[in-house]
Amino acid sequence: MWTFFHKLGSPPWLYGISGSILRYLLPLTLLALAVGMTWGIFFTDPDFRQGNSYRIIYIHVPAAVVALAGYYVMAIAGGVSLIWKMKMADVAMRACAPIGAALTFVALVTGAIWGKPTWGTWWVWDARITSMLILFFLYLGVVALYEAYDNKEAAGKACAVLSLVGTVNIPIIYKSVDWWYSLHQPASIKFTGESSIDPSMLYPLLLMIAAFYALFTCLMLMNMRAEILERESRTKWVRKLAEEGS
Amino acid sequence: MSAPGALAFCGRLLRRQLVLAVRRPIEIVNPLLFFAMVVALFPLGLGPAPDALAEFAPGMLWIIALLSSLLTSDTVFRSDFDDGSLEQLLLSPQPLYFSVLAYVGAHWLITGVLLALVSPVFALMLGLPGQAIVALVISLLLGTAVLSLVGGIGAALTVGLKRGGMLISLLILPLYMPVLIFGSAAVQAAVIGAPAGPYLAILGAMLSLAIALAPVAMSAGLRISIDA
Amino acid sequence: MSAPGALAFCGRLLRRQLVLAVRRPIEIVNPLLFFAMVVALFPLGLGPAPDALAEFAPGMLWIIALLSSLLTSDTVFRSDFDDGSLEQLLLSPQPLYFSVLAYVGAHWLITGVLLALVSPVFALMLGLPGQAIVALVISLLLGTAVLSLVGGIGAALTVGLKRGGMLISLLILPLYMPVLIFGSAAVQAAVIGAPAGPYLAILGAMLSLAIALAPVAMSAGLRISIDA
Amino acid sequence: MYFDNFAHVLHMDGHGVYVWAAYGITLAVIVLMLVLPRRRAKQQLRQVAGELRRQQATQKLKEER
Amino acid sequence: MTDAAPSAPLLTAESLSLERGGRQLFRDLSFVIEAGQLVQIEGANGAGKTSLLRILAGLSRYGFEGEVTRHAPMLYLGHQSGVKGMLTPRENLAWHVSGEGTFSRGAIDEALEKVGLFGYEDVPSNALSAGQHRRVNLARLYLSTSPLWLLDEPFTAIDVGGVAELEALKVAHVKSGGAIVLTSHQALNTDHPVHRLSLTEGLLV
Amino acid sequence: MTDAAPSAPLLTAESLSLERGGRQLFRDLSFVIEAGQLVQIEGANGAGKTSLLRILAGLSRYGFEGEVTRHAPMLYLGHQSGVKGMLTPRENLAWHVSGEGTFSRGAIDEALEKVGLFGYEDVPSNALSAGQHRRVNLARLYLSTSPLWLLDEPFTAIDVGGVAELEALKVAHVKSGGAIVLTSHQALNTDHPVHRLSLTEGLLV
């Protein structure tokens, strides 16, 4: 266990192992995405109330779910980086932020697009949607803070602090937004979350959620590899790699 | 020549920050004037319909207080960083936890507390019903303390950046939102005659949490910033 | 090695300022994010009821644009003052009128223009009717140019002060008010289907006036500031 | 297969624009996220390789002198 | 490499290596600073003197390898003066953020007089000239009880008379059991032996 | 008080008086700076050297008495470097706000090489050391065509080798018909006659 931890902290090992994981995981992910999307678009029946627009669910929900989970991954990596001073945890954290931001963005945009045919408006200030927007800002904050630092090691630590502060706040933010929404008279439009879902729609959805989780993992590994190369560009093993590559 | 105790040192820092602020009275009056001017902007931008203004007054007052705190929080450590004092603070044998509390405390006193004390005037200008004013003042007192603490974290993380500029607002605005929600909810509750107590209690709980945790995050942030 | 012509020099300055901004892309995105976040603040503070929000949307969008411009205008000359470049600019044989226009122009491009271009997104989020969006964009384009010029005057006057901070907002907010009034009036007119043209024309007239006079005031302000 | 013909796939009873826009944007974002780290890594490797070559060149120059 | 007398080590640096901007500034630098030593770090512009000093002071914590242990309280004066323009020299010293000690007003005035700021105690510091501004900071040397001093170009902007006095102070401090590590582009003009710390070769006696 | 040859005056100061913070820094100071003169302003910290130089440059316009006339283009380097950290040294020179001239890339690279920044042309300036940062600014001296130079402590943070080169440059500039007024706490180490400008007694030959 301890040696595994130790290995995790070693950039060349991580670079190598992530490469071999990606070799198998990435094609699998892309396949799952393709199958899930085709299934969702072509081979399911339309929803009896929302018609064909509900097909957006197969990207909207997975993106939203994974974007939320991503914040916890990022915060845990940040915590590990601060407590055990593990450099690779920094790198992992840094890798999460842009992916999380992008997925949040996808959830927001697909939600907005979905809203137009179903609710007749692009946007409502619903509790869930508002907190998703805030999550987007939290992610962007981490990305922006990282980019603003010149010293990338310091940047990693600063972002770790920020994401930990964010974790303490996420439950507070969610709770408060919920309260806020029930406090003010809710808007006339209701979020159709509760309607139980038909199995024929559920399976592709589950597949897509799994695919998005896998996608998140792949992207995280890819980002980490790029980041490792940048940070370790002076070391022998990267030089060797570069020589072999060219 | 003995080293001062942690609290004595904290008090000395607080005094130093307050003196620095008082040397430029304009700095103290500024957030108030900003507040006043934005209060004036709202009717100009939104149209003067008095009912609508009164209805939205709690939210607006709170939004303005929040912006006012946001805009000044960047300065908490900035000048000390620029002239090298911050390096010295970090090298000091004193516990950083209390030192940063002194910085934030000074910031709260010269923005939040002052703002809370003059807010009734602006509340009346916007037509806020009289019974909500106590809730407004208390919620501002508690809420701006949280804002100052959270703002301090943002300031500590960005002070080392050459052109941090508005980055701080991106970092801390999301964290400000719960305060805004409960702060304006407290006032709104008072407006319709409901008890504001529960909301104020939540603000108080947030404040306790912030006092316990924010200085730790600030200390870590400062140590990182000084090295960037 | 001949001295460049005034316009060439002005172009070179503009390029320099834009490169400086682009080197930190975060600086460019920041006003936009600030805009987005304050847009989110309003529903949180005022309540999510869509009708009321839509009604206030023109004014709110304009107030936020104004704040966004206000908050960044302090930086127009700040960093050049801090590192001594401003002294060199004042000693330069080039006409200061064009030089300061280059500074302000860069500021406008990276705040006002960008803001105007993304404002439709925020307008939709606040539920602004579609037909008002063109008026919103044009009024923002014209208005933020005036705001940048006026903000530049404030920046020039306060850049020499050690902690100018919010003093600038005090100086320029009153000058911003006419812009705010006509800008939001243009959008409001478009919302109710009235022609926005007259208001936009007034904004254009303000802009011409500001282009003619503001650089003179800025030059004078800078000369005073450098001596403080 | 739910749809009868290609036009139907595109139109989706009036919701085609929304569905395809949503999927299109999502795909674009995914592709971008896949391409960017790849390019970053490749660029980094190329940069290091270039540096090495430059170093070797200067060393050769020194030796020749 | 050590003095004859087995005096107490105040600071130990073990195999410090630093790379910045693609250049190796120093590699495997190990040395011990002992009481009684006056050490001048040598190097041209950009050699890495400031970087080393900040590592020794504990201000830099990332991006270098090796370990630094300080065995005694330390006073660090960097490129920046840490003097608040809005406070008077007296207030600057009395409320100094370093929290080193609580100084009586008499002690502060004496220190200010020693750095040639007699009569300027109550002038706001931003009305002082460049050299006077730095002198406010240097007054801390007269007040300090820390044995280990790390000084980054302490003579910057100081006039000839001031430099001579500072040198005398430093020698006195070292003789009384302290140690000083400093950087300066001017050679020290003193009889006391000055150890040289070369970034390539380590501590030379 | 003038050279033997009736060379052209580049700057005339007539009865300058300045009081700051309640102290008379100088009174009735009149002098003429002529082509070929290398003038060092003398004075302890706080004597008023920087204040005088800023008056001569035309940066200070209030609070003093007397008149300054400049008869030639001038280059002023103050305490602050005017170097943008976010720009590279090359960009700093190419886009310099002083708008003195349009320099070719070759000329800029040459100037940077001369101040010892070869290989640093494309590094962001804020990744340079204190001395290198100042050297970027000093590169302007190699590019300048202005005959009159006003330099406030140009040697600050520059290492020994750099100081020697700068002195050579200055002598060359003066010999080719320019004039320099500078402040420095280090004595100039050159054969060329150095005129001293005392704040109390005026220009001494």
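Per-chain residue numbering starts at 1, and chain names A, B, C, D, E and F are given in the order in which the chains are listed.
Criterion: a contact is a pair of C-beta atoms (placed from the backbone, for glycine too) under 8 Å apart; a residue touches a chain by one contact, two chains touch by 3 or more.
The UniProt protein names, listed by chain, are A = Heme exporter protein C; B, C = Heme exporter protein B; D = Heme exporter protein D; E, F = Cytochrome c biogenesis heme-transporting ATPase CcmA.
Since this is a predicted model, take the numbers as computed values, not measurements.
Shared contact partners of chain A and chain F, listed by label, are B, C, E.
At the chain B-chain C interface, residue numbers used by both copies make up over half of all numbers present, so the two copies contact each other through mostly the same positions. Its C-alpha atoms fitted onto chain F, chain E is found rotated by 180°, rounded in steps of 5.
Chain centres here are C-alpha means, and the one lying farthest from chain F is A. A comparison of the B-F and B-E interfaces places the larger number of contacting C-beta pairs at B-E.
In terms of their C-alpha centroids, the spacing between chain C and chain F amounts to 37 Å.
Chain geometry summary: the mean Cα position of chain B and that of chain D are 44 Å apart.
Shown for chain E are the residues in touch with two or more other chains, namely 22, 62, 79, 85-86.
Residues of chain A found to touch two or more other chains are 134, 137, 140, 144, 148, 150-151, 154, 157, 177, 180, 183. Not a single residue in chain D touches at least two other chains.
The touching residues of chain A, counted against chain C in their complex, run 121-126, 130, 133-134, 137, 140, 144, 147-148, 177, 180-181, 183-188. Chain C makes touch with chain F in their complex at residues 1-4, 8-9, 12-13, 15-16, 19-20, 23-24, 79-80, 82-94, 99, 223, 226-227. Residues 82, 134, 137-138, 140-141, 144-145, 148-151, 154-155, 157-158, 161-162, 164-166, 168-169, 172-173, 175-177, 179-180, 183 of chain A touch chain B in their complex. Every residue of chain B that touches chain A in the complex is listed here, in rising order: 153, 157-158, 160-161, 164, 167, 170-171, 173-175, 177-178, 181-182, 185, 188, 206, 209, 213, 217, 220-221, 224-225, 227-228. Chain contact summary for the complex, chain C toward chain A: residues 24-26, 29-30, 33, 36-37, 40, 43-44, 47-50, 53, 124-125, 127.
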